[in-house]
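Following this message is one structure expressed as structure tokens.
Going in written order, the chains are labelled A, B, C and D, and every chain counts its residues from 1.
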Amino acid sequence: MRQNKPDKGWKYKVHEVIYEADTPLGKWFDILLFVLIIISVLLVMLESVKWIDAEYHEILFILEWIVTILFTIEYIARIVSIKQPKNYIFSFYGVIDLLSTIPLYLSYIFAGSQVLLAIRSLRLLRVFRILKLVRFLGEASQLKNALKASRAKITVFLFAVLILSVILGTLMYLIEGDEAGFTSIPTSIYWTIVTLTTVGYGDIAPITPQGQFIATLIMLVGYGVIAVPTGIVTVEFGKKSQAQKTIGDKHFVHVNTQACRNCSKEGHRDDATHCYNCGSEL
Amino acid sequence: MRQNKPDKGWKYKVHEVIYEADTPLGKWFDILLFVLIIISVLLVMLESVKWIDAEYHEILFILEWIVTILFTIEYIARIVSIKQPKNYIFSFYGVIDLLSTIPLYLSYIFAGSQVLLAIRSLRLLRVFRILKLVRFLGEASQLKNALKASRAKITVFLFAVLILSVILGTLMYLIEGDEAGFTSIPTSIYWTIVTLTTVGYGDIAPITPQGQFIATLIMLVGYGVIAVPTGIVTVEFGKKSQAQKTIGDKHFVHVNTQACRNCSKEGHRDDATHCYNCGSEL
Amino acid sequence: MRQNKPDKGWKYKVHEVIYEADTPLGKWFDILLFVLIIISVLLVMLESVKWIDAEYHEILFILEWIVTILFTIEYIARIVSIKQPKNYIFSFYGVIDLLSTIPLYLSYIFAGSQVLLAIRSLRLLRVFRILKLVRFLGEASQLKNALKASRAKITVFLFAVLILSVILGTLMYLIEGDEAGFTSIPTSIYWTIVTLTTVGYGDIAPITPQGQFIATLIMLVGYGVIAVPTGIVTVEFGKKSQAQKTIGDKHFVHVNTQACRNCSKEGHRDDATHCYNCGSEL
Amino acid sequence: MRQNKPDKGWKYKVHEVIYEADTPLGKWFDILLFVLIIISVLLVMLESVKWIDAEYHEILFILEWIVTILFTIEYIARIVSIKQPKNYIFSFYGVIDLLSTIPLYLSYIFAGSQVLLAIRSLRLLRVFRILKLVRFLGEASQLKNALKASRAKITVFLFAVLILSVILGTLMYLIEGDEAGFTSIPTSIYWTIVTLTTVGYGDIAPITPQGQFIATLIMLVGYGVIAVPTGIVTVEFGKKSQAQKTIGDKHFVHVNTQACRNCSKEGHRDDATHCYNCGSEL
């Protein structure tokens, strides 16, 4: 089907390789991009480990430049090969791609000794490159839908947990005081949430018998409370999986990963010849 | 429907703004109240942080007075605009509203140097203002119902957990003793619940091999045990969501947020002209 | 129905009060027993707190004697009022009742200075009195059945978790070694279970990068693993609650708390005149 | 059925005892093997505890040799009694059986003082003997199927958790820095996963107010996030248990534990006379 289309210039070919995953070249491009992102995130991580940075600083620096240049090429190719660049530049992925590319350049532009520390933080922005991986999470739609459907309930639930935490936190601040680490109400609330969620660091822990008694109650409440989001999400998953069984197949058509060259929308039918969003030829 | 009603004086209008959320003014009042509560709770929190209180004591003090005066006005307006003030004053929200308003006044009435510490605690009562937010949790009815329906099972479950904790706690007290922090049976029970609920602070931890073995068993039991409330709540949620699907709409009528001017009950039908509780005209 | 029966002597009346909860006296006896058990367990707990024992030793001692005498009377009354005492003495509750009563007497019989420490442990046996509360857990049958039905699956699951823990624990012992607290394989397995169950004391924590990496993997596995018992129990609860809906009421008859005077079996039909187990008149 | 078969030599008998669990001798062999594996794993564990190894080194050493010799006999018997030994040697269990047997021999072959440390690790390989227990986990098929069916969803979920952890970990590294223990990005990511999974060791804990605020958010996210795998697995279990009810028995035939003497495949029909895999006579 695809092969029958006439040659439409290098822009078309670049678009097909970069934006789509149906052709062999498109698949190779996706795999390469995936590996490149993983490498670039590992570079940021390794750089933050003092002894690795001390020993291998130059290698890391060179690799970082290679990765940045490749990302720059990819970014330019994405802008050039699309008909309406604005649609890409201001999309979620467009912003992420830009943020993933510029930190190294910026660190040269603002290279005064004064702002050195701020730049260090700036360069860590490169870790957001991992968000480029979200592209490959396409299969997650069922998870996303289940979470979206239970969003209202989870908001109400978190709101109730916060009210509870403020009151219990203040109570523990009154009972325990400074010695046990409950130095202020915000700190006590932090401790309460650490306990309610069953994380329990132990950096702050009650030492008075009354405090330990209240803590025990908070934990038992946390027991019941942790059941609520699980209950919500499980029921939502159950609905989806029942829906899948009962709704007939005729309502579903297979969509491919082809993206419109004009508006970059994905999810076209296999037999589509025009974009369902802007109507331009595919 | 509402607009057709004749003007019934300022008390009626005040009632409509304060107690109901259907009119634009009522909605604005609710938003304002929401923001005011959040600010007042933040003030209590910030005051408890030593360095903030030291630096910005006066600003916090002035803001606290402004908030208290606004809450006082709200409280008086609520009493004045309702026909039977007793119904409001002794209701849950009436008590909360009073408790949220008086701490600052009380700190002046009992201003002896002797009771200074007790007053400090008293002023922290202002944190209960956050309970005023419960008003906005109206949507939580499904969550509340699911928890209410499984109340009996959860009580039995907590009862069984307590019996288990007492026995396991005593056992660990015998095995571990003072060195590991198991200084008394109540402390050991506290530790057992910390472990069963998978909170695990680590302020107390077994050090003998036997103790670590029993602790391991407790954790594995906690594993099975944590599944029980989740199971209960999930099944309850599942029932509700199935009920919603199968029960026809005819059994449900839409209720609004209008509150009776006489007894302040909410949840009247959209087409109601009299209160379903006391029969007075709406 | 009950009132019509002819007077059958004081033994019959005592049996009715102690073993049954249908008559007003029987109910009062149950409440009294409940309170007595709670008090006696609190006494054991308070005694273990050093400063309380130092200050109030005599009061605790006298109260303990009162409780023990009351339990002795109850135990004798239970044996005397039943037709076949053996059935009670060797039942679960009979053994618990005996264990709850004798520790104080035993501490006088074996009162040599040599065995003082062992006696201290012996007296703590009194905490098993809390098992007498199991009597009041009658309502828990649904919980118990759900757990019983999923027993096989949970056993297999725990078996798999243990195999996993042994291998991962050995791996961590090899990687981390003594410095981080992984002093032996059993200790490492203890740590692995602490991590898998998300308890996480922090008394032992990996310090090498490789160890932290493996620990991260263990936690993520624990994530999936904790879902399994929850899933099993939830499905089991779901089945029960569906069964309750679909099975008609005709298969159920109301049973009361009356216990047979001969064999002490409970759960007789409201209209039963003879024990369903031994056939003796009720 | 089995008894009718003519005597086919000692190899046949040995095969029946070792590979199958239907005959009384086969059952005894399985029980013996089970006990032997448990003992051998306990030996490895006890050896790693310093004071036990110091005191009972010789006894442990002798027992270890006995176990190793028995495993050697079992391994040889398994190879000899099967028609195509390759099928067994390169199967999962074949490799495990070999790995369980050779460590002690290897420690003599490579007995240079230089490689002593490496050998110590090598000998710990014996702990993999516990994987021999997997043989007895046959009943776990429902658990395994439910996990397998939800594998894709759990992979996507873990992938999303990892992306989240990298970003949140980097954020905490920026906010907290070295003092609180966030010494590098990998360490921060380790902390983030410790928090998200509600393990919460407390070896690293935020100390700045901003850090504690972000930590609180991470915990609340972890709350929602922990619900997802539970939801997935619960729904999967629910499906299985429904399927069991609705699918008729006619699609299922009972299979026994008999293994083909030629290719060692298990799961043959009770009335099978030829292996379903290689066609050789059973």
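Here is the rule we go by: contacts are C-beta pairs under 8 Å (C-beta built on N, C-alpha and C of every residue); 3 or more make two chains touch, one makes a residue touch a chain.
This is a predicted model, so every value here is computed, not measured.
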item	value
Most remote chain, CA-based centroid, reference being subunit D	B
Same or different residue numbers at the subunit A/subunit C copy interface, by half rule	same
A-D or B-D, whichever has more C-beta pairs in contact	A-D
Inter-chain centre distance, subunit A versus subunit D - centres from mean C-alpha coordinates, in Å	33
Distance between chain centroids, defined by C-alpha means - subunit B, subunit D (Å)	47
Junction residues of subunit B - those touching two or more other chains	49, 186, 189, 198-202, 209, 226, 230, 232, 234, 238
Contact set on subunit A toward subunit C in their complex	198-202, 209, 230, 234
Complex interface listing, subunit A residues touching subunit D	41, 44-45, 48-50, 121, 124, 127-128, 130-131, 133-134, 136-137, 139-140, 142-143, 146-147, 154, 158, 161, 186-187, 189-190, 193-194, 197-203, 226, 229-230, 232-234, 236-238, 241
Of all residues in subunit B, those that touch subunit C in their complex	152-153, 156-157, 159-160, 163, 166-167, 170, 173-174, 183-186, 189, 195, 198-202, 205, 209, 212-213, 215-216, 219-220, 222-224, 226-228, 230-232, 234-235, 238-239
